[in-house]
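Both complexes below contain chain A, partnered by chain B and then by chain C.
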Partner chain A sequence: MYNSVTNRRSFIKKMAILSAMTAAAAMFPGIVFAEEQERNLPKGSGNLEWKKAPCRFCGVGCGVLVGVENGKAIAVKGDPKSAVNKGLCCVKGYHSVMSMYGKDRLTKPLVKKNGRYVETSMKEALDLIASKMKETIKDYGKDAVSIYGSGQWTIPDGYVASKLFKGCIGTNNVEANARLCMASAVTGFLTSFGADEPMGCYEDIDHADVFVLWGNNMAEMHPVLFSRLLDNRLKRGVKIIDFATRTTRTSMAADKSILFLPQTDLAVANAICYEIIKNGWVNKSFVKKHCNFSKGLTNMGYGLEDKYKFKDKPEKISFEEYKTFLEDYSPEKVEKISGVSAKDIKYMAAYYGDPNKKVMSLWCMGMNQHSRGTWINNLVYNIHLLTGKISTPGNSPFSLTGQPSACGTVREVGTLTHKLPHGVVMNPKHREFAAKIWEVPVENIDPKPTYHTVEMFRALDRGDIRFMWIQVTNPMVTMPKLKRYRDGAKKEGRFIVVSDIYPTPTTDIADVILPSAMWVEREGMYGNSERRTQHFEQMVQPPGEAMSDTWQLVEVAKRMGFEKQFYYKEDTHIEEIYNEYRKHHVGKKHNMAPLAVLKEQSGAMWPYVDGKSTKWRFNAKYDPACSNGEEFHFYGKPDGKAVIWQRPYEPAAEEPDAAYPYWLNTGRVVEHWHTGSMTRRIPVLHKAMPHAYVELNPDDAKRLQIRTGDKVKLTTRRGEIVLPASVNERGVPAPMQVFVPFFDENMLINDITLDSFCPISKEPDYKKCAVQIEKV
Partner chain B sequence: MAIKSYLAHPYNGQKEKLQKELSIIPHCEVIPAANKDVLILVTDTNTRQEEDILKEKLETITSLKLLAMVSGFNTKNK
Partner chain C sequence: MKKRLGIISLFVILFIAFVVVWNYSYETGKEEAYIPIENNNPTPVIPSETGVFKRSKYALDYANMPVDKNHERSLKTYYKNRAYHGAPPSIPHKVEDRNMGDNSCLKCHENGGFTAKFNAYTPVTPHPEMINCRQCHVPQNTQTLFKGTNFPKLKAPKVGINNALISSPPIIPHQIQMRENCLSCHAGPSAPKEIRVTHPERVNCRQCHVINNKETKDIGIFIKEIKNE
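Moving on, here comes the complex of A and B:
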C-alpha cells in the first residue's frame, strides 16, 4: 500500500517535471509542437482518417486535422498546410475533440414542466418553440421576441437567424455575445476607416520589427500567434513590448514590460501621438493625401442606466487644432495620470516614429472591453495613420478576436441589432438589397435598431422582451452585473430557449433546452481574425437527437410559415445557405470565396477577387478594390480618407475609493476557453486549472497577511464572492489591483462586476470596477 | 501534499545565482531546461505549513524575476 502511494507520488513528480520541461522546450506553456503531437497519437492510429477543420476554440482560426476512426473523432493535430498555425496547436486545440465526448452531453430536448425538465422529442420541442414565438408576437408585438447568439455560431447559423428575425419576423432583436468582446473593435474600424476588420493579416508577423501588445496577454489567449512572435525573435531579433496593467506570461517573454494604470491607455496613446508630432515623425505626405481630422462628443456617460442613448456628433478639425489638443498629453503630464514614466512613453513613441522600423500593434479584450473602447481603438489607429505605418506588410494595427467566428458570423453576417449582412438596417438601400436576396417585402426590415446586448437583457428583466432564444453561448456566466440579469430571466412570463451541448448556468434558466450538434458533428464555416473564412465538413454523427443550430432555426422558421424563405434541403442546406449569403457581399470590397475553394484549401481571405485572397486592404498594390489612383485608398469612407480622431482621456465608470480601494480586473486563462463549458469537461485541462482564484499583488497580500490558497472575500457595490488567493503564481497584478478569471461557473465573478459600457460600441468594461478585499 | 512544477525566470545575467539559491532550499529540485532562459523548479511538500514556509523563502530570492507555475498536483503522502 505504502509502495503504491510512493510510486504514485514519484509518477506525479515525473509528470510535473515533464510538463515543465515541455513548457520550457516549447518556449512557452500552452503550445504543442508537431513532433510532440505525433508522439502522443493514440496507439494503432495508422488507420485514422484525417480531415481538415478550423479549430473550435479561439479567433486565431488555427487549421487542425481531426483524426476519425469508427465514427468517432479521437485525435487532433495542427495542419501543416495552414498558413495560420503551420502545424502548431495550443493545449486547447490539441484536446478539442475531447470536448465532444463529456459524460453529461445533452442528447435529448428537455422541456420544463412544473419546475422539472422532462425529455421530449425534437419535433415536439420545435413545435412548442414556434407556437410560443407566434403567441408572444400576437400578445406583445414582434419586438417582444429575440435571439441571442454567438461568435461561435457558424456562418450559416447566424445567417438564418438574421434572415428569420430581421427579414421574416421583422424585429431587430438579434444580438450575439461578440458584443461583449469585439464591438469596440468594430466601431473603432468603422469610425476610423468606414470598413470593419483588420486591413492586414497574420503574415504581418513575419515582416514587423516591433510588436506592441496593448493590454493583451497574448501568451495565454493567443498562444499560437504569440509563438510566431517568439519564433521571429529567435530568427530576426524583433522586439516585443508588453503594455499592460498586470504582469503575465506575456510580460515575462517580452523584451520590455510597461505597466499602466487602468483606463490610462487613452492618455498614453495621445502622448505617443504628441511625441510623434513634436519630433517631426509624422508622415506628412501620407497624412495629407489619406487622412482627415475629427473630434466627437465627450463626457458621454457609461450606460449604467436603462434605455441609455448616445449618438456621436463628429466634427472636422484641422491638424493645428489636433496638435493644440495634444498639448495636454506631453509624456511628462501623462506620466502623472498613467504611472508610465515619460521615458517609457518616449521609448514606445520612438519605435512608432522610426521610419526604418515596421510596427505591429496587437490588442484584444484590454482595449475592447473598455468604457471608452471605441476611443482607444481610434487612438491606436491615430498612431499608425500619423506615421503612415498601415496597410503594408509588417505595419499593422491588428485587433485580435476571441471566438472562432466573431468576425465571420457576427461582423460579416451582421448578427447585431443594427446590422445586415451587407450594411445597416438604418440605410434604405441596404434594406432593399437584403430584402431582395431574402425574398421578403422591404417593409419587413425595421429601420430602427432595438437593443444591444446589455439593453436586451435589461429589456428581458423589464418585460419588454418576453421570448429569448439563446444559442451556443453562456450569458448566465458572462453578463456583467449578472445577478440582475439572472433574476430578470427567471421572472414569470418569460420564455427562454437554450440550444447548447452541455448543461450550463444558462440552461438552468431555460424553459426548453435543445441539444445541439457541435463543430464537426455538422457542416459549417467560421471566419477568423484575419478575414479568413474556413469550411469544415461533417465528420461524425451528433449524439442522440442533437441537431445543428442552423437546422433548428430552419425547422422553426418553416413552422412559423416561412417555407418560401427557408427552402433549403436538409442534405444540401449549408451549401445553399452559403451561396445565398455570398450574394450579400458581391463586389471587390468584400467578395467571399466560393465554397469549392474553401473545401479545397485552408480557408481564403476576403475580399476574394479573381481567384485570390486579399492580404492587405486599402493598399493598391494588394487590394483590387482601391480605385483612386493613389498608393492607398481608404474606400470605406466616402472621400476615401481615414480619420484621425481627437479623443481625450476620461476616467472609468467606477474607480477605487475609500470604501472599495482596489481595481477588479477579469479575464481568461490558457487552459480554459471562456466560460469553460467545454474545456472544463476535458480532464487534462480541468486538472491543470480546476477552479478560479483571485490574484493579488505580493505586497498587498503580505500587508493583508494573505497567502496562496487562503480564502478572500471580494465585495463590490453589486455583491460579494469568496475565492482562493493566488500570490506570485501565474500572473501578478500591480499594487491595489486584483485579477479574477471568469471561466468557473461555481465562482461567478460577474455577479459583482459592473455593467458600464462604451457609449459608442455598447461593449461592457469587464476590466475595471472598484472592489474591497479581505481575508476570510 | 503538493507537487508543483514551475518555470523560474531569473533576472538578466543571474541564472547561475538563481540556480544556486534555489538548490539549497529544502523541498526544491532544480532542473536545467532546454530553453536556456529559464530553470525548471519542482517543489514537493508534505504539509500546508511546509508549503507556506517554502513560499516565503522563494519570495526572498533576489535573483528570481518570476515563478510561473506549470502544473500542480495534490496527492496523499501516506
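Moving on, here comes the complex of A and C:
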C-alpha cells in the first residue's frame, strides 16, 4: 500500500515534469534543452492553455501567446505564427502578464471626499461622473468637458470615446497622448503623401541592404525589430548606420555610428539631398511622374505662448528653385552646423544614391519629438522620393511607433481634436458620413477643432476646461513643463476622472479613480506601426470591480441619455463596436479586415481587400487602390503625386547659452515602458532598472569631478531636479549634452523640460532644452 | 602715578581681551579630528554597454557548431579554478613568464579552439582588450597550501531557477562588469554545458535577459500608496 502511494506520487511528479518539459520545448521549437537547464524550471500543472494576443507594450505589436491556467495568466511566449516577431519577444513582452498582478492594483472606484479617497461602488462612481459632466456642460458649455486618452486605448475604447464626445455631446475636446509621440509622423505623412501611416511593412527589413536609423535607439526601444536587422546582417551582410545625438546600445551594434548636434538633422537631411542631386543620383522618371515640389512658411515659432496658432501656406515651386535652395546645404557648409563631417554626409548620401542598394530609414521619437518634427519627417521622405526608393520591398522610409495602438486607435479611429474616424471635422462631407453611421444629427459634430494636447492642459489651467476624463495614460509624468499643468489640474473647480490600473501621479490629481480592466482581462484590438490590426480575447477576469475603458464610457453615455447610440449589449459589445467602426473605412484605400479574420490569424494589414492584406501601399503591384495605370500612385493627394518639401534648418526653441550651457535630452530604456506604471511592478524589470539617472559625457564628468552614483542637480528655466549620475554605463551622450530616461515618477524629469512644440503637428520637443548641471 | 596706573590697567584689559578673543577663536576654529563617514546609499549598478556585441560576428558559427559531447566543460570544472563566484579564474596550465597577454594568452584565449595538448576547448576571454592578463589571472604552481584557510566561499548562482515565469527568459544572475560580452562564456564549444545558450544567433542578449541588482542590494518591489491629503 505504502509503496503504491509513493509510486503514484512519483508518477504524478514525473508527469508534471514531463508536461513542463513539453511546454518548454513547445516554446522554443526545434531546440533541445540541456537537462540541467530545464530541471529547475517553474512548473505548470498541465492545465496550461495558450491564447494569442498582441503584446501589451510597444508599437511593434509582437504576437504573443499567453499561458492561462486556473483563471490566471502565468506565462508568455512569442507567437511563432506572427509575421511581426516570428516567435521572439523582448524582456518586457516575456514578463508582460506580471504587470496585471502588482500588489497595489486598483480594484474599487475611489471618490475624493473632503481630501480623502473613499471606496464606492462602480454604479455610484459612474452616476457621479455622468451627473458631473451634465452639470459642467450646463454651467460652462460643451467645450468645458474633455477626454484625454492614449495610444494604449483599444480600438473600441477610442471609438466610443470619439462617438460620445464628438458625435453625441458635440465637442471636439478629444485628444490622446499619441499627440506627444506620433503627431509629427502623421503631419509628415499627410503633407508628403496625403495619407497617414507607412507605405511599407516590417518585411522591408528582410529585403533592404542598408538601414539608416535617424535618432532611433532601436536596440532598446524596438528590440524585436532590431533583432531582425541583426539577423539579416548575420545572414546577408546588411549595413546598419546609427545616425544619432548620443552613443547607445544601437551605436555599439551598428556598422557605423555618426553623431550630430541636436536639431541639425534638418541640415544633414538637406545635405544628403544636395549630394543626391549634385551627383546625378535623382531617379528622374520617378520624380517627373510622381512628385511635386512645394515650400511652406518658415520662422513659425515654437508654440510657447498660450493660444498659439499656426497654419502653413504651401506653395508650389519648381525643381530649379528647390535646387537653388539646397545650395546652402552643401556637405561642407552643413559640417559647420551639424558637427557631422562632410565625409560622413557623403557616405550616407552614397548609400541613398546607389541605385543597386535598397535603403530603409527608420525613426521614432528622435524625429517626432522635434520642434520641427513635421519638417524632418518631410526631409527624410524627400531623400526617398528623389531616389525613387519608396513603396517597394526593401526601399522604405519607416516611421516606428511607441504604443500598441497609436496607429490603430489614435490615428485610424481619429481620437484627435481635428479628426473623425474617416476624415476631419472641418470637412462637411466627412461630418455627414460620420453622423450617418453614428446616428446623430450632423449639426452635432462641431466643424471647428478645439485644443491639441498641450493647449488642452493649458485650457484646464486657465479654466476653459472644467472636466477632464483621463484614460490609460499618465500625463502627470509625461507632460513637458509638468509643474504648470499639475498645478493647473489641482485648481479649485476642476473635476478630473482617471481610469487606470495602478495608483500613479495622475491618480493623485483625480476626483474619481476608476479601476480599469487591462489588456487580456477584456476583449479588444490594437493596431501596430505596420498597419496591422490584431485582436485579443478576454482570457482572465479583471480584479475586483475593474471594468474595461470601453464599458466605462458606454455606461456613462447611457446615463447621459445616449441609449440609442450606445445600444451595445454587454456580451457582444466589442464585436458590435468593431463592425460599426469598419463602416467608416469602407473602400479600397482603408478597408479593415473582418473580425473573424482577426480572430483566426495574427492580425491583418489594412487596406484589407478581397481577403488580402496590403504590404506595400501606393505600388500598383501590391495595392489595389492604385488606379492611375502607372507603377506608383500616391492617391492620398488629389493629383496622385507625392510632395518634395523645401524645409530649411531652424534652431531649437531653447539652445544652450552661458547660463544653461548643456543640452538636455530625454528618452527611454529597454526595461521600462512609458512611465513605468506597469513595468516597474514587474519585479524582474524593476530590479534590472530601479530608478532614473543622468548620463554625462565622461569628459564633462571628469571636469566637474562627477562619478557614477554622485548626486547631480539639473537646473533649467523651469526648475531643478537631483539625479544620480551615470558615466560610461548604458549610454554616452556627446560632450556638453546630458540624457535622462523619463520612466521614473520619483524623479520627474518633465518638471524641467520645455513645452515647445512643432507648430504643424503640435507635438512637444522633449529632446531639446538648455540645462545647467552641478554636483551636489 | 594715577596716569601710569591708568595706562597699565588699559594694557591689562587689552591683554585679557586678547586672551579671551584668542581662546574663543581657537575653540571655535577647532575641527574635529576626523571627517565622519557618510553612509552612502549605494546606487545599483547599471552595467556598461561596451562589448555587448563584440563577438556577434561569430554568432552564426556558434549556432551551427555541433556539440562535442566528449569535451564539454561543465559548471563544476568552470568553478573549480575560481576561488569564489566572481573571482578571476586561475590558470590551470603551465605558462611562461615574461610575456604580455596580447602575444601569448590571447593567441588561444581570444577566439578559442581545440587544444590537443590539454584535450579541451580553450575558454574565450570576455575582455580581450585588457592585455595585462596576469594582473588577475595567476597560475597554480603547487597543490599544497602554506597554512590552510577557513575562507567561506561565495556560492555561485544556481542554473535554471532564474526564470520569473515558466516561459520567460532567465535573468542574469551574476554581475557583468568585464563580462559584458555574453557570447564568450555562453556560446561555443568551451561554454559550460549548463549555461550554453541555445540561440547564440540572437545577439542582442540583453533585449530579453536583464540583470538583477540583488547581488549588490535587494531593492524590493515597486508600489505606490494612494495619497490622502
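The working rule: the second predicted complex is superposed on the first by the 732 of 776 C-alpha atoms of A that agree within 3 Å, B and C clash if a C-alpha of one lies under 4 Å from a C-alpha of the other, contacts with A are read in each partner's own complex, and residues count from 1 in each chain.
By our rule, a contact is a pair of C-beta atoms (placed from the backbone, for glycine too) under 8 Å apart; a residue touches a chain by one contact, two chains touch by 3 or more.
Please read all numbers here as calculations on a predicted model, not as lab measurements.
Novice: Of chain B and chain C, which one contacts the greater number of residues in chain A?
Specialist: Touching more residues of chain A than the other partner does is C.
Novice: Applying the document's definition of touch, where does A:Gly611 land relative to chain B and chain C: first, second, both, or neither?
Specialist: After superposition on chain A, A:Gly611 lies in contact with neither partner.
Novice: Is A:Gly71 contacted by the first partner chain B, the second partner chain C, both or neither?
Specialist: A:Gly71 sits against neither chain B nor chain C.
Novice: A:Arg707 in the overlay: touching chain B, chain C, both, or neither? Say first, second, both or neither.
Specialist: The answer is first: A:Arg707 touches chain B but not chain C.
Novice: Touching A:Arg249 in the superposition: chain B (first), chain C (second), both, neither?
Specialist: both
Novice: Kindly classify A:Pro698 by the partners it touches after superposition: chain B alone (first), chain C alone (second), both, or neither?
Specialist: In the superposition, A:Pro698 touches chain B alone.
Novice: Based on the superposed arrangement, let me know which partner A:Gly493 touches: chain B (first), chain C (second), both, or neither?
Specialist: The answer is neither, since A:Gly493 touches no partner chain.
Novice: Which partner does A:Gly237 reach: the first (chain B), the second (chain C), both, or neither?
Specialist: It touches nothing on chain B or chain C.
Novice: What is the contact status of A:Tyr502 with respect to chain B (first) and chain C (second): first, second, both, or neither?
Specialist: Touch partner of A:Tyr502: chain C, not chain B.
Novice: Of the two partner chains, chain B (first) and chain C (second), which one does A:Ala688 touch, if any: first, second, both, or neither?
Specialist: Both partners, chain B and chain C.
Novice: Once the two structures are superposed, pull the chain A residues common to the chain B and chain C interfaces.
Specialist: Touching chain B and chain C on chain A: residues 20, 23-24, 27, 249, 252, 687-688, 708-709, 728-730.
Novice: Can you list the chain A residues touching chain B in their complex?
Specialist: Those in contact with chain B are residues 2, 5, 8-9, 12-13, 15-17, 19-21, 23-25, 27, 29, 247, 249, 252, 687-688, 698, 707-709, 727-730, 732.
Novice: Where on chain A does chain C make contact in their complex?
Specialist: Per the touch definition, chain A meets chain C at residues 20, 23-24, 27-28, 31-34, 36-44, 48, 67, 74-77, 88-91, 94-95, 97-98, 102-104, 110, 115-117, 219, 223-224, 226-227, 230-231, 234-235, 248-249, 252-253, 502-504, 507-508, 513, 670-671, 676, 680-691, 693, 708-709, 724, 726, 728-731, 745.
Novice: Using the touch rule from the top, collect the residues of chain B that touch chain A in their complex.
Specialist: Within the complex, chain B contacts chain A at residues 3-7, 9, 31, 33-35, 38, 40-42, 44, 48, 52, 55, 58-59, 65-73, 75-78.
Novice: Contact residues on chain C for chain A in the complex?
Specialist: Residue list for chain C touching chain A: 40, 42-50, 52-53, 56-57, 59-60, 75, 158-161, 163-169, 171, 193-194, 196, 198-199, 201-204, 206-214, 219, 221-229.
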